[in-house]
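Okay, got some structures for you below.
In what comes next, chain A is part of two complexes: it sits with chain B in the first one and with chain C in the second one.
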Partner chain A sequence: MDSLQLQALLPFIVLASASVVIILLIAARQSHTVIQITGFLMMCLVVLAMWYVRDVLPRAIMPLLVVDGMAAVFTGLIVFCVLIIGLFSFIYFEEREENPKEYYILIFLGTLGAAVLTISRHFISVFIGLELLSISLYALIAYLRNRNNAVEAGMKYLVLAAMSSAFLLFGMALIYMDTGSMDFDGIAKQLQTQGHSPALFVTGIGLMMVAVCFKLALVPFHLWAADVYQGAPVPVTNFIATVSKIGVFAVLVRFAQAVQLQSYHFAVIIISFVAIVSMVGGNLLAIKQQNIKRLLAYSSIAHLGYLLVAFLPGNAAGIEAGMFYLFAYSITLLAAFGIVTMLSGRQADADQLEAYRGLYWRNPLMGAILTVALLSLAGIPLTAGFIGKFAVLNAGVQQQLWLPVIVLVITSVIGLYYYLRIISTLFAETQVIFPKEKSLHPLFVAGTYGALLVLLILLLGAGIFPSAVIDGIKNFLCQGFRIINF
Partner chain B sequence: MSLLFYISSVVAIVATLLVITCHRPIHALLYLVVSFLAVSMIFLSLGAPFVAVLEVILYAGAIIVLLIFVVMMLNLGQEAALQEKQWLQPKVWVGPSILVAVLLLEMSILLLRGESAAIQPAVDMKRISLVLFKEYVIAVELVGFLLMAGIVGAAHIGKHKKKHPHRFLQNGKENGHADNNENNKEVKPGELLKEEMIHN
Partner chain C sequence: MTNLIAYIPALPLAGFLLLFFTGRRMSKSMIAFVGAGSVCIAALLTIVIGITFLQSGSSANTQTLWQWMRVGNFSCDISLRLDALSLVFVFIISFVGALIHIYSIAFMRQDEDYARFFASMNLFVFSMLVLVLADNLVLLYLGWEGVGLCSYLLIGFWYKVPANCAAANKAFFITRIGDTAMAIGLFMLFKTLGTLNIADIQQQAATIPNVTTIALLLLMGGMGKSAQVPLQTWLPDAMAGPSPVSALIHAATMVTAGVYLVARMNVLFLLSPAAMNVVAVVGAITLFVAGCSALVQTDIKRILAYSTISQVGYMFLALGCGAWSAAIFHFFTHAFFKALLFLAAGVVIESLHHEHNIFKMGGLKNKMPLLYYTFLAGASALAALPFISAGFYSKDAILWYSWSAGNGNVMLWAVALTGAFITALYSARLVIVVFWGDMKTPIAQQPGKLMTMPLVTLAILSIIAGFVQWPHNLLHVTLFADLVEKVLPATVLKQGIPPELLLQLIAAVVTLGGAYTGYLLYYKSPHIIEQWKTAEPNLNLREFFVKGWRFDELYQTLFVKPFLFITRSNKADVFDKIHQWLVTACSRLNGWLSLSQNGSLRWYIGSMLVGIIFILALQFFL
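What follows is the complex of A and B.
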C-alpha cells in the first residue's frame, strides 16, 4: 500500500480510530459530556480529512476497496447523519437509566461499517462492512436492556439479520462458483466473456437481493421494520433509518454499476416488483397508524420503494436522482426523529400521536420543523422532498418506466393523507398541559436546537435552490467516473 | 464422496437443533462441540484439510473450553458437586457420543480409502499468512473492529449491576416480599441454575 492509497483511506482511518478513542476515554473514566464532545470533534475531523484528501480521490486500494467520488458523497452523507444523531443522543441518553458511554463506541463502529460498504469493490469487504453494521445494531437496538420493547426488537433484528446474512453469503458463494471471482470488476469481466446469464449467476443475484431488500426493509422482507423502529431508542431508530440504508444502497449501486445489473431482464423485473409492492404496501400500512415511530417506519419502506425507481434506469441520471433523493430523505428523517427525541420523556418515547396534539401552540419552533419535515416526506414543493421526488420521476420517465412511475404518483397521494393527518394534529387545540422536566445542560439544548435549525434550513434550501446540491453531486460523480473511463 | 458430505451435514444440523433446544447450558455446549466437529468434517470431505483442522483447534478446542469454564464457574457452592453428578449421567453423553461416532466412522472411511480429495497436499501456512497480512490486511483489521463491536455489545447487554431498577421492580420492593418471585425478573444466571436445581 503506497502513501497515496493510505491518504485516500485517511477519513476511514480517522473514523475507525474514533471508536478506539472513545474506549480509551471510558477507561479513563471521563464523563458523558466529555465523550459526547470528543465524538463530535472526531466526526468533524473525518469531514476535514475528506476535504483534505479530495485531490487524490479516484483511487483503488486493491483488491478490497475503491475510494472515489461516489464513495465520498455517500460517506459524507453518512458522517453528517452521525454528527446530527450524536447531538440528539446526548439529551436522549442523559435522562435514561442506562450508562450511555458504550453507546458511542457502538454507533461509531456501525458508522465505520456503513462507510466501508460505500467503498467496497469486493464481496469480502461488503460482507465485513455489513456484519460490522448489523452487529453494532443488535446491541444498539437492545441498548435500553431493561425495557421489554427494546429487547424484543433487538432479538427480532438479531434473528432476521443473521438469516439475511446467510442468504447473502449463499448468493455470494453461488456467484463465486459461477464466475470464479469475488471482486465486482472480475465478475463483470467473466460475465462478458460468458456472454449469457447462467442459472447460477441468476440464483446468486436473487439470493443477494433478498439480503439487500431485508436491510433496506423493502416489502416482502419488511416485517421487522415497524417493531424494530418502535422498540429501539429514538436516536438508534434514526440511525437505522438513515445511515444503514445509505450504506446498503451505496453498495447496491456500485455492484449494479460494475455488472450492469439493469441490463438483465430478470433483475429489472425483480427490482420493479419490489419497488411497486414497497410503495403500495408501505403507504397502505402507514394509513391507520397511531404510533409515530411505526408510521415513520412504514413511510420509510415506501420511500425506499421510491428510491428503487431511481435505481431502475441504471444510468448517470438515475444515480444522481437516487443520491439527491437519499440526501433529501435523510435530512428529513433526521429532523422528524430529532423532534421525537426532543419530546421523549424520561419513562417512554413520545411515540403516540396524542403527544403531538397542539405541539405548534406549545412550542412553535418544534411544530414548524416537524411540519416542514412531514411536508418534505409527502413531497410538497419548496421542500427537499419535492425536488427529490421530481428527480426520481424525471429519471424514470426518461427511461419510460411507466408502471413504477404511475404507482409512485398514485401512492404519493395516499401518503399525503397520513402526513397531513399528523400535521392537522400538530395544529389542533389542546387543553392538556404537559409538564416540563428538562434540567439539562443549556449548551446541549442549544446545540440540539441549532442542529434542528440547520436541518430546517437544509430542507428548505435544497427545496428552493436545488441546483447547488445537484451540481455538487455531479462534480463528485464525474470524479468517480474517471476511474471507469481508464 | 458426496455421501459423506450429506451425512456430516445432517449431523451438523441435528446437533445444532439440539443446541438450541437443550435446557441446560452445559448439555447444549456438548452438542455445540459436536456441531463444530461436523462442520469440520464437511470441510474435510470437500478437500480442505487446513480449514478442517483450524475449525477443530479454534472452535471445538479453544472457544468451547472457554465457554465450559465460564459456565462451570458461574455457580460455585455446596450444590456444585451434586449438580455436576447430575450433569454427567449416561443419558447426557450418549447423544453426543453417537453423533461423534458417526463422524469418526466417516473420517476413517475417508482416510482409509486414500484416493479422495482429503489427501491433497495441505495449503502452505506461509502462503496463507502472506495473503492475510499483505493483500487482505485491511479485511483483517476490519474484522478486528467487528469483534470489538461484538464484545462491547455483549458486555453492555450482559452487565449485571443495575443503577436504576425498572419500575416493575421498584413496585415489587414497595409491595413487600410476597410477590417478589413473580416480579423479580432480573436474576443472575448462577442463581437461575441454583433455583432450577432445587426444584429438581
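What follows is the complex of A and C.
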C-alpha cells in the first residue's frame, strides 16, 4: 500500500478510530456530554479528511477496496446522516435511564460498516462491511432493553438478518464457483470470456438479491421493517432508514456497474418485480397506519421501490437520479425522525398519531418542518422529494420502462393520502393541553433545532435549486466512471 | 448593470415575505414603510437601470439567476431578460405601482387588514414583473398565474361581503378559461419546438406547422387576462376590490398582460394572417361593446371598468392591424390616465360616504378643485382631446393605423372612430355629472397629501406623456417607436389611403363632437335624455347596455344552468363510484396485507422463503 492509497483511506481510518476513541473515553469515565461532543468532532474530522483527500481520487486498494467519486458521494451522505443522528441522540438518550455511552461505539461501528460497503469492490469486503453494519444494528435495536418491543425487535432482526446473510454467502460461493473470482472486475472479465449466463451465476445472483432486498426492506422481504422501526429507539430507526440503506444501495450500484447486471434479462425482471410489489405493498400497508414509526417504515419500503426504478436503466442518468433520490429521501427522513425524536417523552416514543394533533399550533417550527418533510416524501414541488421523484421518472421514461413508471405514478397518488392525513392532523384543532416541559439541556436542544433548520433549508433548497446538487453528484461521478474503465 | 435586473422583482418579493410573516406584529407605519418602500425603491432602480440600458444601446440584457431543472433535453432556467418592450412594461409596473402604493398608504389606513393588503399588492407587483421580465414562457406562465392569484385575493379583499367573494371567484374562473387555452398552446409549442425559451421560439418560429392554432390559443389566454369579448364579463365585477387595486391591477398593468403576450409573441402572429385578423376583430368588437356599456352605467367604477375594457380593445385592434408600437404606446399612456381616473374615483367615493352612483354626486368642482383638475386631465386623456392630452397621441396613431397599416381596413377604422366618439361622450358625461351642477351628497373629508401627490403626478403625466411620439405629419418626434421597434416589427403602411391629415381631422372632429354631445345632453339640455327614456325600445336598449350586452345571462343559460342541471340530476354522483371503488379496493388490500404483519417470526421466515423460491423459479423459467 503506497502513501496515496493510505491517504485515500484516511476518512475511513478516522471513522474507525472514532469508535476506539469513544471506548477509551468510556474507560476514562467521561460524561455523556463529553462523549457526544467528541463523537461530533470526530465526524467533522471525517468530513475534513474527505475534503482533504478529494484530489487523490479515484484510487484502488487492490484487491478489496476502491475509493472513487461515487464512494465519496455515498460516504459523504452517510457521514452527514450520522452527524445529524448523533446530535438527535443526545437529548433522546439523556432523557432516559439507561446508560447511553456505549451506544455511540455501536453507531460509529455501524457507520464504518456502511462506509466500507460504499468502497467495496470484492465479496470479502462487502461481507465484512455488511456484517459490521448488521451486528451493530442487532445491539442498537435492542438498546433500550427495558422497553416492550425493543428486545423482540432486536431478536427478529437478528434471526432474519442471519438468514439473509446465509443466502448472501451462498450466492457469493456459487458465483465464485462459476467464475473463480470474488473480485467484481474479475467476475465481469470471466463472464465476458464465457459469453453466456451460466446457471450457477444466475442462481448466485438470485440468492444475493435476497440479501440485498432484505437489507433494503423490499417486498417480499420487508416484514421485519415495521416491527424493527417501531421497537428500536428513534435515532436507531433513523439510522436504519438512512445509513444502512445508503450503504447497501451503494454496493448494489457498484456491483451492477461492474458486471452489467441490467444487461441480463432475468435480473431486470426480478428487480422490476420487486420494485413494483414494493411500491404497491409499501403504500397500501401505510394507508391506515396510526403509528408514525410503522407508517414511516412502510413509506420507506415504497420509497426504496421508487429507488429501484432509477436503478433499473443502469445508465448514468439512472445512477444520478438514484443518488439524488437517495439524498432527498435521506434528508427528508432525517427531518421527519428528528421531529419524532424531539417529541418523544421519557417513557415512550411519540409514535402515536394522536401525539401530533395540532402540533403546528403548539410548536409552529416543528409543525412546519414535519409538514415540509411529509410533502417532500409525497413528492410535492418545491421540495427535494419532487425533484428526486421527477429525476427517477425521467430515468425510467427514457428507458421506456412503462410498467414500473406507471406503477410509480399510481402508487404515489395512493401515498399522498396518508401523508396528507398526517399533515391534516398537524393542523387540526386540539383541546388537549400539553404541559411545557423544562428542557434540561438548552444548548443541545438549540443544537437539535439548528440541525432541523439545516435540514429544512436543504429540503427546500434542493427543491428550488436542485441543479447545484445534481451538478455536484455529476462531478463526483465523472471521477467514478474513470475507475470503472481501468 | 445587467446583474441588477433581478433586484427589481426581488424587492417587492422581499416586501411580501416580510409582511406575510411578520406583518401582524408590525405597526401601521412600519407596514406602509415596507409595503410602499419596497416598490418605490424598485421604481427608482428601474429608472436607473432603464437609463443605463438606453445609453448602452444594446438590444437585450439577459440575467440567468439559476437553472431550476434540467431533465433530458428540457431545461427550465430562472432567467430574466430586459429589452425595450419589457423595459416599457417594467417602468409602468414599478413606477405607476409605486404611486399607487403611496396613495394606498392613506387610502387603506383605516382598514384592519393593512398588512394583508400591502403583502398582496407587493406579491402582485413581483408576479407582474416576473411576467414581463421572463426569458422563457414557463417563467412567464408562473408570473401569469401569480398575477391571477393576486387579482383573486385583492378583488375579494373585503371578503366578509359575499358579493365580493363571488366577484373574485368569477374573475378567477373566467380568466382560468383563457389560462387553460394558453397552457395548451404552450404544450403545443413545446411539442413542436422542444423549447419554451422566447428567443429560441422567435428564431425557429418559421418551422412551426400549426402556427395559427398556437397563436389563437395564446390569444385566448391574453383575452382572458385582458378581458376581451367574450371573456370580458369578469372585469366590471372585479371593481368590488379597493380602488387602488382597480387602478393597479384592473387598469394599468394586469389587464394589459394579454397585450404584452401578443406583442412578445409577435413572430407567431406575423406568420399567421388569420390570427392577426382575429386579434384585430376581437379588439374592434370589444372596444365597441364595452364602450356602449360604459355610456349607460351609473356606478363610477363600473364606467371606468368598461372604459378599460374598451381601451384595451383599442390595443388589441392595433396589435391585430400590425401597429405594434402604437399598441404599446397606448398601453403606456393608458396606464397613466386610467390609474389616475381610478385613484381619483377612489377619492370621490371615499369623500362621499362610499357613494358609487354618479347621479348622487355632483358639484364637486368648487369643493375639491385639485381633484377636479386632475380628474379632468385624466378624462380628457381618455377622450383623447387633441394636443393637450397624452391619450390623443396614442389613440390617433391607432385610428390612423387601423386603416393604413398592412392588416387594417376601412371597417376597422370606422369601428374605432365610432368608439372614439363614444369614449369622448362618456368621458364628458362622467366629468359633468360628477363635478358640475348641484351638490347632492355632502363631502365628508378632503384627501391628504399622500393621496393628492400621486394624483398630481399622474395628471401631469396624462398630459405630457404623449409628447414622446407625434403623428408623422405634424412633428417628427418618434422617440417611443424608435425604442420599442428595436424589439417589435415596424409598422408597414398600405398604399392608396386617404391623406393622414384628413383622417386626423375627422378623428378630431368626432372626438370633439362626442365631448360636445356629452356637454349638450348632460348639462345644457338634459331634457333630451329624459325624452329619449320615455320610449319603451330605448329603455330596453339601455337595459341591454347596462347589463353589459347580457353576456352574463347568456353564459348563465349556456353554461351555468346546464351544469347545474347535470349536477342536480347526478346527485348520487356516478363518477364518485369509480373513486369509491378505488378507495374500497385500497382499504381491502390494506386489510389483507396487514394480516401479513402479524408479528410472528416464523411467518416472517416463511414469507422470506416463499420470496426466495419465487425468485429462483422466475430465474429458471426465463
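The rule is short, and it goes like this: the second predicted complex is superposed on the first by the 483 of 486 C-alpha atoms of A that agree within 3 Å, B and C clash if a C-alpha of one lies under 4 Å from a C-alpha of the other, contacts with A are read in each partner's own complex, and residues count from 1 in each chain.
Basically, contacts are C-beta pairs under 8 Å (C-beta built on N, C-alpha and C of every residue); 3 or more make two chains touch, one makes a residue touch a chain.
Since we're looking at a predicted model, the values are computed, not measured.
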Scan A:167 for contacts with chain B and chain C and give back first, second, both or neither. second
So, does A:63 touch the first partner chain B, the second partner chain C, both, or neither? first
If we overlay the two complexes on their shared chain A, which of chain B and chain C does A:209 touch? Say first, second, both or neither. second
With both complexes superposed on chain A, which partner does A:40 reach: first (chain B), second (chain C), both or neither? neither
A:156 in the overlay: touching chain B, chain C, both, or neither? Say first, second, both or neither. second
Figure out whether A:444 sits in contact with chain B (first) or chain C (second), or with both, or with neither. neither
Touching partner for A:427 - first (chain B), second (chain C), both, neither: neither
Overlap of the chain B and chain C footprints on chain A, listed as residue numbers: none
Touching chain A in the complex: which residues of chain C? 66-72, 586-587, 589-590, 593-594, 596-597, 599, 601, 603-605, 607-608, 610-612, 614-616, 618-620, 622
For a test of understanding, state which residues of chain B touch chain A in their complex under the given definition. 135-139, 141-143, 145-146, 148-150, 152-157, 162-167, 186
What residues on chain A touch chain B, complex-wise? 1, 9, 16, 19, 23, 61-65, 97, 99, 102, 105-106, 109-110, 112-113, 116, 124-125, 128-129, 131-132, 135-136, 138-140, 142-143, 145-147, 154, 347
Which residues of chain A touch chain C in their complex? 155-156, 159-160, 163-164, 167, 199, 202-203, 206-207, 209-210, 213-214, 220-221, 223-224, 226-227, 265-266, 269-270, 273, 281, 284-285, 287-288, 387, 390-391, 394, 398, 414, 417, 464-468, 470
